[in-house]
Amino acid sequence: MLNSNYLLVLFAFPFLATLIVSMVRGRGQAVTWVSIALALGYFIVVLLGLTVTELRYEATWFLPLGLKYGLYLDSYAYYLILLSSFLTLLALFYSRGVVEKKITAYHALFHALQATVVACLLCDDLVFFYVFWEAMLIPMYFIIGVWGGQRRLYATMKFFLYTFAGSLFMLLGLIAVYIYYYKATGVWTASFQTLMEYFQTNPMPVTVQSWIFLTFVLSFAIKVPLFPFHTWLPDAHVEAPTAGSVILAGILLKMGTYGLMRFAVPLFPEAAQAFAGPLCFLSVVGIILGALVAWQQTDIKKLIAYSSVSHLGFVTLGIFMMTETGWNGAYLQMINHGISTGALFLLVGFLYDQRHTRDISAYGGLAKILPMFTLILVVMTLSSVALPGTNGFVGEFLILLGSFQSNTASWIWVVLASVGVILGVIYMLHMIQKLCYGKPSKPEVETMTDLTWKEWVLYSPLVALVFFMGIYPIWFLGPIQEKTAGIFATIAPFLAK
Amino acid sequence: MFEKLIQDSMTALPMLHWPILACLVLVVNLFGRGGPQFYLGFVALGLIASLSWDIAIFNNELRETVFSGGVVWDSYAQVFTIIAKAMVLVVTLTVFPVAGLQTKFFKSAFDQTAEFLVCLLLSGMGVSILASAADLTSLFLGLEIMSIGLYCLCGFYRADVRSTESGFKYLMIGAFSTAIFLYGVAFIYGATGETSYALIAQKMTTLAGDPLVKLGVLFTLAGLAFKLAFVPFHLNTADVYEGAPTPVTGYLATIVKVGVLAASLRLLWGVLESVSGMWISSWIALCALSIVIGNVVALQQRTMKKLLAFSSISHAGFMGLGLLVSNPQSGDVFPLMSYIIVYSAMSLGLFALLTYLENGEKPLLIEDLRGLVRKKVWVSLALGIFIFGLAGIPPFAGFMIKFWIFQALIEQGYWTAAWIGVLGSLLGAAYYLKVLMTIFISEEEGSLISYAPPRDPILSLRLVVIAATLLTLLGGVRPQLYAHWIFSTLALK
Amino acid sequence: MLQQSLFIIMAALVLLTAGLVAFRPRPIESAMWLILNFFFTAGLYVLLGSHFVAVIQILVYAGAIMVLFVFVILLLNLDPKELGDETSLHWSSVVMFVGMLSFLLLILHVAGPQTLEPMEGLLPDSKFGSVEALAQKLLTDYVWGFELAGVILLLAIVGVGMLAYRKPKPKTPKFLDHQERPV
Amino acid sequence: MSAPIAYVLFLSFAVFCFGACGFLIRKNALSLLICLELMLSGVNMAFVGFSRLHQNEGGNVLYFLVITVAACESAIGLALILNFFRLKKSVRLDEARALEG
Amino acid sequence: MEEQSHLQCIAALAVLLPLVGSALWFSLGKKFGEKFVSIGAVSFLALSFACIAYIFFTATLPLRINFFQWLPLGTSSVSFAFLFDPLSLALSMVVTGVGTLIHLYATGYMHGDAGFGRFFSYLNLFVFSMLMLTLSDSLPGLFLGWEGVGLCSYLLISFWFTDEANASAGKKAFIVNRVGDFGFLLAMFCIFKVFGALSIPEILQTVQAGNFSGDDLFWTRLACFGLVLGAAGKSAQIPLYVWLPDAMAGPTPVSALIHAATMVTAGVYLCCRMQPLFLLHLDVLNVIAYMGAITAFFAATIAIFQNDIKKVLAYSTISQLGYMFLAVGLGAPVAAYFHLITHAFFKALLFLGAGSVIHGLHHEQDMRHMGGLRTKMPITFWCMTIGVLAIAGVPPLSGFVSKDEILHNVWGNHDWTLVALAFTTAFMTAFYMGRLWIMTFFGKFRGHHEAHESPWTMTSVLVILAAASALAGILNWPHLWGGSETLGTYLSTVVQALIHHAEDPAHALQSSLTLAVVSSLVGLAGLTIAYFRYRNFSGEEFSSPAFRPFQNKYYIDELYDAIVVKNLRMFGKFLWKVVDGFVLDGVLNGSAALASRTSTYLRQLQTGLMQQYALWIWIGFLILLLGAWTGRS
């Protein structure tokens, strides 16, 4: 069963789902259940492919100038697809009672978002990777735009234009690679695999390589977000609906780091080597800035948004230090961040639906009123603070340990990054204390209801995953290790000794 | 001599369909029985017949100079004639529902539908003439036929001051630029003493530094630049597009660019290739300027048609770059052709929708479109697709065509043009997003929500819109829809 | 030598009339000066040897087109007060400057060795400028141009018909029964 | 006639520039059309001059075509001015600002 | 290897029982009531203690039990594995033993509290983490226990979270521990860089066998400093001790178990465990010694002036830990370990005694409102007396033996500053413990509520602990005094002492005896002075300004708050408002504003006047002409 047309099913299923959902007429409830069923179906389809290591699908359609609908699945892409289908399922399940206006459009957009993300992950052709990389913005634009908070117009505009601007530069870099290959071999193709094999034997001159690498990094850095390009994230998160924030934090941010690991570094190892120092500096600044600024926030969603900046600073540090363990840790940390931040946003959404305010001081003493909610919140905080035994620790430990050994950039960055571990605790515990401990600041807080079975269905898998990946990460890391080993085998000759 | 003329007109028959159809309309009009929609139907059928005829007898290898040097009838000319006929057909279909309206404003205008159609057809003929021109005379006359046809079309709503003023302005500035263009032709003729492209091309190889040639090239460039609405020459475009009737604006935005690009491709790369040093740098400057300034000025526009006018200026800049890269030696004509086809489809589709949506008397402000998605879902979906397409945002064909251009630019090493193109399309995305926001996201109620659009009896306008949306959507994901057709048909030179 | 001075006189007259056409405010006056300008240009063409063209210039240009102009100007019978245009000095100075600058640039461009030496004389029996030479060229090499001229004229007529046509009002015109004409 | 082509060109430039300046300065539509005619007549001079220089009939043929086009344009122009006059009761160009902004 | 799998399940049982327990009590606490939870918790702990004891007596040490792979580190990998060797077994015996007793005590103490189930769940979780810390064989495993206990101390300190102060005390504890853990992490990275593996036996083997190049030594030195920082964080030494006094906000059994007996000793255990690594760098050992001595002295000075009974005990713990680190620093891990065990007994006893006093006086903690409880709470009084005498260093008791061992080593080291510090601290310890003893039990009763004796569950534990702290001395009775030094020999396989008393046996016996006499005299002197000073204490205080800094704990908390916390908060605000808000957003919004400003400017060109358009066309054309003209050459 696991052959190339499984890939086709993986690629086409969400697109079909979007069509089906948008076709469903009738009152809101029908659409919600159809869409959740389809999301669940897709999650199961993805689960079937658990044992896959590498699959390739050659398109037969003729396209001008060597562009091909090649699909390529490896463990890097696979686990992100698994994460995205899982989080979309949770997000849709969460927004059952929450969304009232235009429900069909809401669900259709989420499926469309998933479709574009999966398509982007599966694309083997650089140009179509770019096409779906940009296409991801459209559903997100409408999700934040239509169902967002008060300042959503400004936030959506900023989010869309910022990412669009960055990726336009990548477009030129992409074309430069595509043309360089054509000029060198006379063959029109943008398939990533052939480019990789070619550049492995005869790499581009470093000067050309570095400016193309910079265009790639600029576009991915805006998406990650890396330090100077992160100002869109807090606005986008604050204004996005809860389900939108879950997907935005859970999946879209990971596309940036996935892009770095899959395209930017393997294609241009020497350039990555040359720019490792400054990029590590930016990641470290991102870690520290993210933590410190999160500590000052009064809006919970902004706090979590800045925490994502800090967490992904670790991931980018792991990537730019270019060690095998570091990369395994970075990849795992991407999945962990998806789980813990996704859960945190769901929890904030749970609070927001009852009290309709995101101001941290409007709550207080929740531990007594909502004990179960506090338990889940504490577990998720521990995962995001990287307490050993939770998945956060495994990721962060591997990143820092691996990066310490690397000789591409100085080990001082790792030391500064581990300072981030301390700052992480400060703002997270600050949030817990303001939300859960002390006396309830307003009488309405007393009347809040604790988690029902519906919420438990949402949170128990996440909590289970946090501890399962914390104790037994080999289940995830096995295939990822092989893929990283493969990549490092190709770029090893270019790395500094 | 006479049978030679008959034989020539047999080969170049597709081009002669235009005048035949125009005269038929005039003759039928003499008997004066049918209402406006009768004539429109008549012309539409005629066009469909001539289109199918052209496609049937399409012959790729054909390459004949007919009418003793005036016309060269090759696949290039046939393709452009087909495109021109398709566009005119689309405009007639778009005008169909509006013609049926009984309001005083439209009734008084559409009494003259027959004349309107004649002008439309003959301006279409201008494109065929330009595409097949092999002589400076036919170039100049083709340009003039198209322009005069458009002057009349712009002034079609006689009772409306805006339309008359737009026609008047277009004529005055058009004539002014035609004079400049003529000076260019004069100098090229003066320098070489010939008027036919082939002979001029031979002479040009020897006249590299000749001042007359330089002046000729410059004047012609200025004339063409005005027609393509490149930036320093673009100022009247906004007023003309705003004033003219909406279907005519759509026609203006596409047909002029197609015709002039066809002509300038032959003129610049065909004839003036040996002196290309003179015009390449100023051509790049013009294109780059129009991409950036076109998009910048569009940021603050309030009426929909002016916004689209400036966006068409920036698209013209891109098409200029497309022309730049279709140098027969180092590149091919695919980027330019794909851009023309997809851009025209999107603009005509969008303007068809605007004709359907707007109520003729008042100018169509962007505020009027606020919250359109709540009432007219399908219309706003189509609008959204067109706007995303024009903005060049990936999954749609609008991006693919820009991609081909960027790819060709980088392949031939025009790096500055590529970077400016990127900056331009970024600025472009900004104002398109603003329009999308008013349609999909804003809470308030625009005036257009309540306005009942004209009845569309034979689904003519909706057909156009559906066809255009399909091309924009599928063109992006499976570009070989239009790519295959272009590669197989076009063998320039 | 005679032809040289004749050319200078003719050129001066053309320039004079052109200046008057451009800078007289009232349209009827500039129309008249234009007609005179056409006459002198025709003279110039004779000097240049294209006699038929000179005749056409007077017949078609001065005769047909200018008549149309004068007719329309008088039809609209604009009152002079309405026409009194006080163009701002600033604007006209800018325009004059641009005009002079472009004229100067063009001259600098064109004035070169080959263009300044006089054109070689016509051969005694050459039929340049005669009707049959023009007709022979027009109907053989430029037959397509000729056809298109027809098409463009057709287009113009139809266009003017479209723009200027007004459906006649059915009721009897009021001023026929000698009431006071509407001012 | 042995006048150099340059003189003819200078003359045609001069007439052209006069026409252009008139076009920009005059305030009523009719004068504009007249200045247009003047510009085109300047261009015609260049055509005839070049035709005389190369001693072939190309220039004259082009002269004819220019005249036909000039005629058509002025016809359409006058029709539009007529329309404009009917609607605005004046031909001053300052009124022609409806499409501003 | 059947015997191996048999031991494997016992070990797993010993460690996992508390974990399972904590999950049980948390979820079922409310439903099944206090009775079920207390019995369950104590029995689970007892069972775990039995398993550890079984392994202690039967297994051949060192025993490595491997479960499954945890972290793949490329070349090597880290797996969940237990290392049973003298060091870890001794401490885990203490942890589970004292733990069970304190659980029993807590059932009485926490009777009637709403969060009863939750309390025991956290306590069991703590024991699980402590066992992971002591038993795990790899450094990350140890780190898991290390942070686990940090988490439990956070949860338990802020157990009564409705009161904001407790919550921030817990938060402070966790953050300061995290600073320590940063050092530990750094050490692990350096060790991995040098040894390429993180499992402790492997590291120690390569340390003993290998010779090290220049930069290897640099990394190992950095690793040692990291470990010292980690130990200081966990065991509340000088720079990072501020959290322990605030940790008293938690219930008293917590203070007894975590902040006296077990968690705080983790630092000492770590240093003993990694002793071969430290031996590579004697200057680091010297640093530890000085850190220990100064902390001991410093904490003792503060303890004298504290009025809250638990605060006094907290500072005394810090001081005793200082002693232990002093011993480790001087290369006498056995002495440190012995003091650790005895300290666990008598400090737990003191804390529980204080707890029962507080329980009796209905949560009254200020000593100035106590006094004369001798008659009302006899059992607590007698047990507390044994505790006070033990810690003061009165001869027969365990405190004297272990402290004398350390003083003996300090004396042998001939470093006079350390000797001076050690002896003055011994005196001050005796003094403040005497002060505590007298202010609570002697003089007249100054409190409001009527005091009553604690129930049997609490007093029985006091009695057991009193017996233990009295007799613990024989565990490591020195050879010189005819003892068998069982602990020394037991630990000698793992750690080796640095200082060997080279003199002849007779002289050694003579000097150790004189030393013992001197130290006991110092202790007794402290006690008597305290007795006379506080006999009829009626509330007057050291009023002179000289003592102001001591009373306010040297303003250290305020200092930390001013330097670190306020600056960090200000830097955070700066980053947010200036860097994000002004610079980055400014650039973005600025460029957008620039674009719209130019567009409004350019729009003014659209005047509607046709002639201006024509002028622009002409000017455009002119520019082309000029371009051509200039580029004509």
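In order of appearance the chains are A, B, C, D and E, and numbering begins at 1 in each one.
What we mean here is this: a contact is a pair of C-beta atoms (placed from the backbone, for glycine too) under 8 Å apart; a residue touches a chain by one contact, two chains touch by 3 or more.
Model, not experiment: these values are computed from the prediction.
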Checklist entry - Which chain has its Cα centroid closest to the overall Cα centroid? => result A
Checklist entry - Which chain is most remote from subunit C in terms of Cα centres? => result E
Checklist entry - Between subunit B and subunit D, what is the gap in Å from one C-alpha centre to the other? => result 26
Next on the checklist: Measuring centre to centre with CA averages, how many angstrom lie between subunit A and subunit B?
Outcome noted: 44
Checklist entry - Could you state the distance in Å from the CA-based centre of subunit B to that of subunit E? => result 80
Checklist entry - How far is the middle of subunit B from the middle of subunit C, if each middle is the mean of its Cα atoms, in Å? => result 31
Item to check | Shared-contact residues (touching 2 or more other chains) in subunit B | outcome: 137, 141, 144, 148, 151-152, 155, 158, 167-169, 172, 176, 195, 211, 214-215, 238-239, 430
Item to check | Touching two or more other chains - residue numbers and ranges from subunit C | outcome: 95, 102, 106, 109-110, 115, 141-142, 145, 149, 152, 155-156, 159, 163
Item to check | Residue list for subunit E, restricted to those that touch at least two other chains | outcome: 603, 606, 608, 610, 614-615, 618-619, 621, 625, 628
Next on the checklist: If I apply the definition of touch given earlier, which pairs of chains qualify?
Outcome noted: A-B, A-E, B-C, B-D, B-E, C-D, C-E, D-E
Next on the checklist: Looking at the complex, which residues from subunit B come into contact with subunit A?
Outcome noted: 334, 388, 393-395, 399, 403-404, 406-407, 410-411, 418-419, 422, 425-426, 429-430, 433-434, 436-437, 440-442, 476-480, 483-484, 487
Item to check | Residue ranges of subunit B touching subunit D (in the complex, touch as defined) | outcome: 136-137, 140-141, 144, 148, 151-152, 155, 158-159, 161-162, 164-169, 171-172, 175-176, 178-179, 182-183, 185-187, 189-190, 193-195, 238-240, 242-243, 302-303, 306
Checklist entry - Which part of subunit D faces subunit B closely enough to touch in the complex? => result 5, 16, 19-20, 23, 29, 32, 36, 39-40, 42-43, 46-47, 49-50, 53-54, 56, 58-59, 61-62, 65-66, 69, 72-73, 76-77, 79-81, 83-84, 87-88, 96, 98-101
Item to check | Residues of subunit C touching subunit D in the complex | outcome: 3-4, 7, 11, 14-15, 18-19, 21-23, 25, 27, 30-31, 34, 37-38, 41, 44-45, 47-50, 52-53, 56-57, 60-61, 64-66, 68-69, 72-73, 76, 78, 82-83, 85, 87, 91-92, 95-96, 99-100, 102-103, 106-107, 110-111, 115-122, 126, 128-129, 133-134, 136-138, 141-142, 145, 149, 152-153, 155-157, 159-160, 163-164
Checklist outcome for this item: Contacts from subunit E onto subunit A in the complex sit at residues 68-74, 80, 140, 143-144, 146-148, 151, 154, 158, 161-164, 167-168, 171, 174-175, 178-179, 181-182, 185-186, 188-190, 192-193, 568-569, 571-573, 575-576, 579-580, 584-585, 588
